[in-house]
Amino acid sequence: MTASPFDHPILGRLLGDEELATYFTAAADIDAMLGFETALADAEAKAGLIERSAAEAIRAAVEGFSPDLAALAEGTARDGVAVPALLAQFRRALDPDAAKALHTGSTSQDVIDASFAMRLQGVSLVLDRRLEALVSALTEWGLKDGDRTVMAHTRMQAAKPVRFARKIAAWTDPLVRCRLRREEIAPRAFALRIGGAVGDRAGFGERGEAVARDVAQALGLHYAPTALHSERDGIAELASWLSLVTGALGKFGEDVTLAVQNEVGELTLEGGGGSSAMPHKQNPVGAEVLVTLARFNATLLSGAHQALVHENERSGAAWTLEWMILPQMAMAAGAATRTALDLVPRLAVAETTSDVG
Amino acid sequence: MTASPFDHPILGRLLGDEELATYFTAAADIDAMLGFETALADAEAKAGLIERSAAEAIRAAVEGFSPDLAALAEGTARDGVAVPALLAQFRRALDPDAAKALHTGSTSQDVIDASFAMRLQGVSLVLDRRLEALVSALTEWGLKDGDRTVMAHTRMQAAKPVRFARKIAAWTDPLVRCRLRREEIAPRAFALRIGGAVGDRAGFGERGEAVARDVAQALGLHYAPTALHSERDGIAELASWLSLVTGALGKFGEDVTLAVQNEVGELTLEGGGGSSAMPHKQNPVGAEVLVTLARFNATLLSGAHQALVHENERSGAAWTLEWMILPQMAMAAGAATRTALDLVPRLAVAETTSDVG
Amino acid sequence: MTASPFDHPILGRLLGDEELATYFTAAADIDAMLGFETALADAEAKAGLIERSAAEAIRAAVEGFSPDLAALAEGTARDGVAVPALLAQFRRALDPDAAKALHTGSTSQDVIDASFAMRLQGVSLVLDRRLEALVSALTEWGLKDGDRTVMAHTRMQAAKPVRFARKIAAWTDPLVRCRLRREEIAPRAFALRIGGAVGDRAGFGERGEAVARDVAQALGLHYAPTALHSERDGIAELASWLSLVTGALGKFGEDVTLAVQNEVGELTLEGGGGSSAMPHKQNPVGAEVLVTLARFNATLLSGAHQALVHENERSGAAWTLEWMILPQMAMAAGAATRTALDLVPRLAVAETTSDVG
Amino acid sequence: MTASPFDHPILGRLLGDEELATYFTAAADIDAMLGFETALADAEAKAGLIERSAAEAIRAAVEGFSPDLAALAEGTARDGVAVPALLAQFRRALDPDAAKALHTGSTSQDVIDASFAMRLQGVSLVLDRRLEALVSALTEWGLKDGDRTVMAHTRMQAAKPVRFARKIAAWTDPLVRCRLRREEIAPRAFALRIGGAVGDRAGFGERGEAVARDVAQALGLHYAPTALHSERDGIAELASWLSLVTGALGKFGEDVTLAVQNEVGELTLEGGGGSSAMPHKQNPVGAEVLVTLARFNATLLSGAHQALVHENERSGAAWTLEWMILPQMAMAAGAATRTALDLVPRLAVAETTSDVG
């Protein structure tokens, strides 16, 4: 119970994810934003748009730069974006020529979208690694218990016995497909979105493509031929992906809560949660949380798609909505994969399974 | 103003789509369901699971079959699915052997999911054709007016002039990407979902894969190695795609409503809507509707992802939710593409564009 | 499986509601719109704004008026609203003086919002009557079985035995509160929204308040001192109410599906749905559908609140979104109350209830 | 750009709210939870359920208690709720008799729901005070400029001139109604939800009502005759209220962004946000953020209503979802009221307004 479930001192270990949280700190954001400015300066020096010495000065100044967070927050409250205040601060660490060369032809959205893409790409790779681990853990369980017979349930009624391998497959296959999907959407979701003030790369003169390609390569992002400032389909698509991940695990969680019901007892769960009133209980907390996280992301997904209605060349309203939604969806996917990885080894097919029907 | 905006005698031409509506009639559904049963019987005859004569009798009986819709509705109200009632009716048109062979090893969900996939695949192809036409129409407009200068607006303020080609690209590129995405998701969204009572294809004995492959081929659907009864990621992904289509067009519509404001006058729109109180007005009705449809699908998308929490081997609750959502999202995408195709040729860059700033 | 689950020949009896559907036909809409014009003419005659004879002619002409639906649909596709086309048709049934007097000082939104409010108020009264019946049915069940002991479940685990009356109360009390809430929101949700072209009632001269009061009284709507054209909080609030109704019944449905699980058997359900593959099953179809309808309305509710961002004096985009959402939410609440009323008498506390724990 | 926009060092001043944040700290939560335990002990001593000395010892121990947050977080990760770990810690500060008396007849949900209700009630009062201030500020503006003439816009087109007072009313009236609504929903939203392990207050013997009444009075919450553990309509209703607040301000923000467009210039905004690329711009950042926050809450609202499907006597999945959603909706309403209060004094009707039409 806190404004943010993810960073809360009490709830954070239930609903948050320490590893993914590192991608959403102020420091990580600032590092990525300055990383963009450095890469931009390098590319512009190579393209002859600024002096090489300026680019070197920028790179050097980043090393020792210590941002004034309060001033960044104040600037963001005024400007709606942190970039003007960040640049003002950073320019004070530069000589006049480098200060002038900094951010040449660029705009706040270039910086913020690049930082967003870099960090969300990192998040996606962490999630991908965990999906791989989950697939392995479930597959291993299937190898062990796949031939056991459990009761299938359709429409909440016992149906017919099936091999446990069927359940393993229903939990595993969507995760495998999510790994494939990540590769499909990467060029759109993790593209460098760079275009300058109004998205036409006019500030880079004739060298727009070269600059964009070099910056993309330096930052490990995909090159896109246009600015994508106002085309947010790659972002909405990433949100859909995050919801597919939590949705697949929500189905797994729901199945577990049903299977470990005392009356069903198809699965057993070691180390369930305790109750303040009923010491005999073993609550399937992790499995329930998987359902919660799935419903949370399915909820937020709607807002990510509302943000597709991004008016004109840059929408403050729609863009800011992305900032409120995507990091949370990423954290929810982090918490879900973390929770599922914790849950699988504690689950087992019960020695005696029900044979209703 | 009607329970369904899509089929309504008054609103239907504003918000509906005649071509796509054909995919969602009772007749289209019944045809597809019987198409599945026919293909299944053929595949099972080939696999030696039923007599060839039974398959032929089934195919022949489909020809003359005239369903009793009232009885189907009654059966659906009772069973939650139309299939038991449909089969009961259809069996009366068959000799006892064929009646017994019909639906061998299958279950209601096989039938309904197949019909759903067949029709939604058809819808996606109509939408793809329209996206292609929209890309052409916008590209043509860009060839004509791309070099004109218009004012770019960021954060709802005039920014700097840009070539009109920038706007054309921002409207066109997401549509091109949606066409690509359709191909990526097709094997998952338009897969044959067949598995029998509890999804293990046990009713087809050793011939499960062969039967599934043959039915998929006959119906033009993608083959999947498992039943996918309870793995709904392909469906949720299709919903995301439909929302990406309407979202891209919603951005276009929003831009148009802003550009045709009297005070802005960057674009002109021929044939706007009239007012009962103010005859001088030319309302950008189509452009507004594009925004409406984008927000509608972004809303519904959440429900499609909630349905990922599909418990056990078949969830009546989650499955039925898909039926309430996907067809509507498809219709909204139909209405959006239809409206955009109508809108583009009526738009023009104004002779004198504003030069604020 | 159809674009609209509510009106579909096959699904309509599962997911629709015949009684509520009558509020959403084209005929009901046209009747209400002409009812508004008649009441307006009467009020304006009384206020001296038009001739009494014109008002009488308008009232008389409504009797024999037979609308051309195709022309209305065409007009709506062009104008975004049916009113201009409706008035054009209806004026042909009037002499020139009455034709001129018709709709004096009014605008399309007055007409459409009035029709919407009248019909949704009617819907709310039907729902209220059904809520009352549900409360009665559940209370009666409680009187009969309230002292029986059943197992309480917390976090999906058997907890401790409780009197069945606890469950009855948890299902009933939210319905009682929904009846109270309907009365609270009625003055805002079912207000007459009348203001003329730009919402200032300027077209009624000094007699704006008198006209608005008389029209509201004639139509059985609540009087509001301002136009409310662009203030949609009463509509969003009604949407929330409809979702509270379906949500309360969704909880009931979910509890039923859990209690009638074969392994739990706390409740029995007479007349469950049949399966095409497993004749032994009795599926709790109605209970599942209650969950579906709750999730459907919780999904749509988001769109109703998105429509609060209703720009300027009238937003085509936000207003049209209400038309796509509210009637559907009303129908879902209709289907849920109808389904619950059908379900309760078929439920019973099982003779031997489980005593886990 | 952070997992939580509200608490972030950079974004917090744009999207957060310092005053409301105090309600969502771990300290505020723990204080409220221990406040509940103290009030419960007092009430139980009065009712003769525990010794008066035990109640006094509990009250005294709260004074000096310093929670171990890391242990609370660990316990929450295990149990899904903080209460078992909190009680374990707190009992170490009590003598054995008091330790035994603590939490008598209660359960985790009693504690957490009470803390939630206390803090959200406090939030609602802060918001109410701000709504009052906003109504005053807008009314004052209306007194000053209400007779000025501005252009009304319908369907994004200039319509007819209106008095500026019309706009003031459209922005103000929904806020007035939100204040009224708060009073209507308070008895349901800010009720004490107390029931013990399975919600029947059995742990309080015959004294359940007396204990509940006394605890409610001590905590300033409304008394409810039943536990409300699994009836979440009061929570969902509060979520709707929060979205009505942000929605009303989102409409205001949208109107401002449209009115301050350079080409429209109906309103002027002092102190707009700056741009890193275009120093001439004055971006209406606050107005845009109001739209963002409205869309954010409209998005989250869906999840709050999904949580109505709260299975059996306590749903871990649905309950946890509330924790992820309600505090964020409250913070968004805080940020919106704060932003609007900042915005109004900076707005003015432009000296020369457009007179299109």
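Think of it as A, B, C and D in the order they're written, each chain with its own count starting at 1.
To be clear about the criterion, a residue touches a chain if its C-beta (ideal position, glycine included) is under 8 Å from a C-beta of that chain, and two chains touch if they have at least 3 such contacts.
Note that the structure is predicted; figures quoted are calculated from it, not measured.
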item: Which of A-B and A-C has more C-beta contact pairs; value: A-B
item: Of all other chains, the one whose Cα centre sits farthest from chain C; value: A
item: Whole-Å gap separating chain A and chain B, where each centre is the average of the chain's CA atoms; value: 28
item: For chain A paired with chain C, centre-to-centre distance based on mean C-alpha positions, whole Å; value: 39
item: Shared-contact residues (touching 2 or more other chains) in chain B; value: 80, 153-156, 159-160, 197, 254, 257-258, 273, 275, 278, 283-285, 288, 291, 295, 298-299, 302-303, 306, 315-316
item: For the chain A and chain B complex, residues of the former touching the latter; value: 80, 152-156, 159-160, 162-163, 166, 169-170, 173-174, 177-178, 181, 184, 188, 197-200, 202, 226, 228, 230-233, 236-237, 240, 243-244, 247-248, 250-251, 254-255, 258, 291, 294-295, 297-299, 301-303, 305-306, 308-316
item: Touching residues (chain side chain B, partner chain C) in the complex; value: 1-16, 20-21, 24-26, 29, 69, 72-74, 76-84, 87, 103, 106-108, 111-112, 115-116, 119, 196-197, 203, 253-254, 257, 271, 273-278, 283-285, 288-289, 291-292, 295-296, 298-300, 302-303, 306-307, 315-318, 320-321, 323-325, 327-328, 330-331
item: In the complex, chain B residues that touch chain D; value: 153-160, 257-258, 260-264, 272-273, 275, 278, 280-285, 288, 299, 302, 306, 354, 356-357
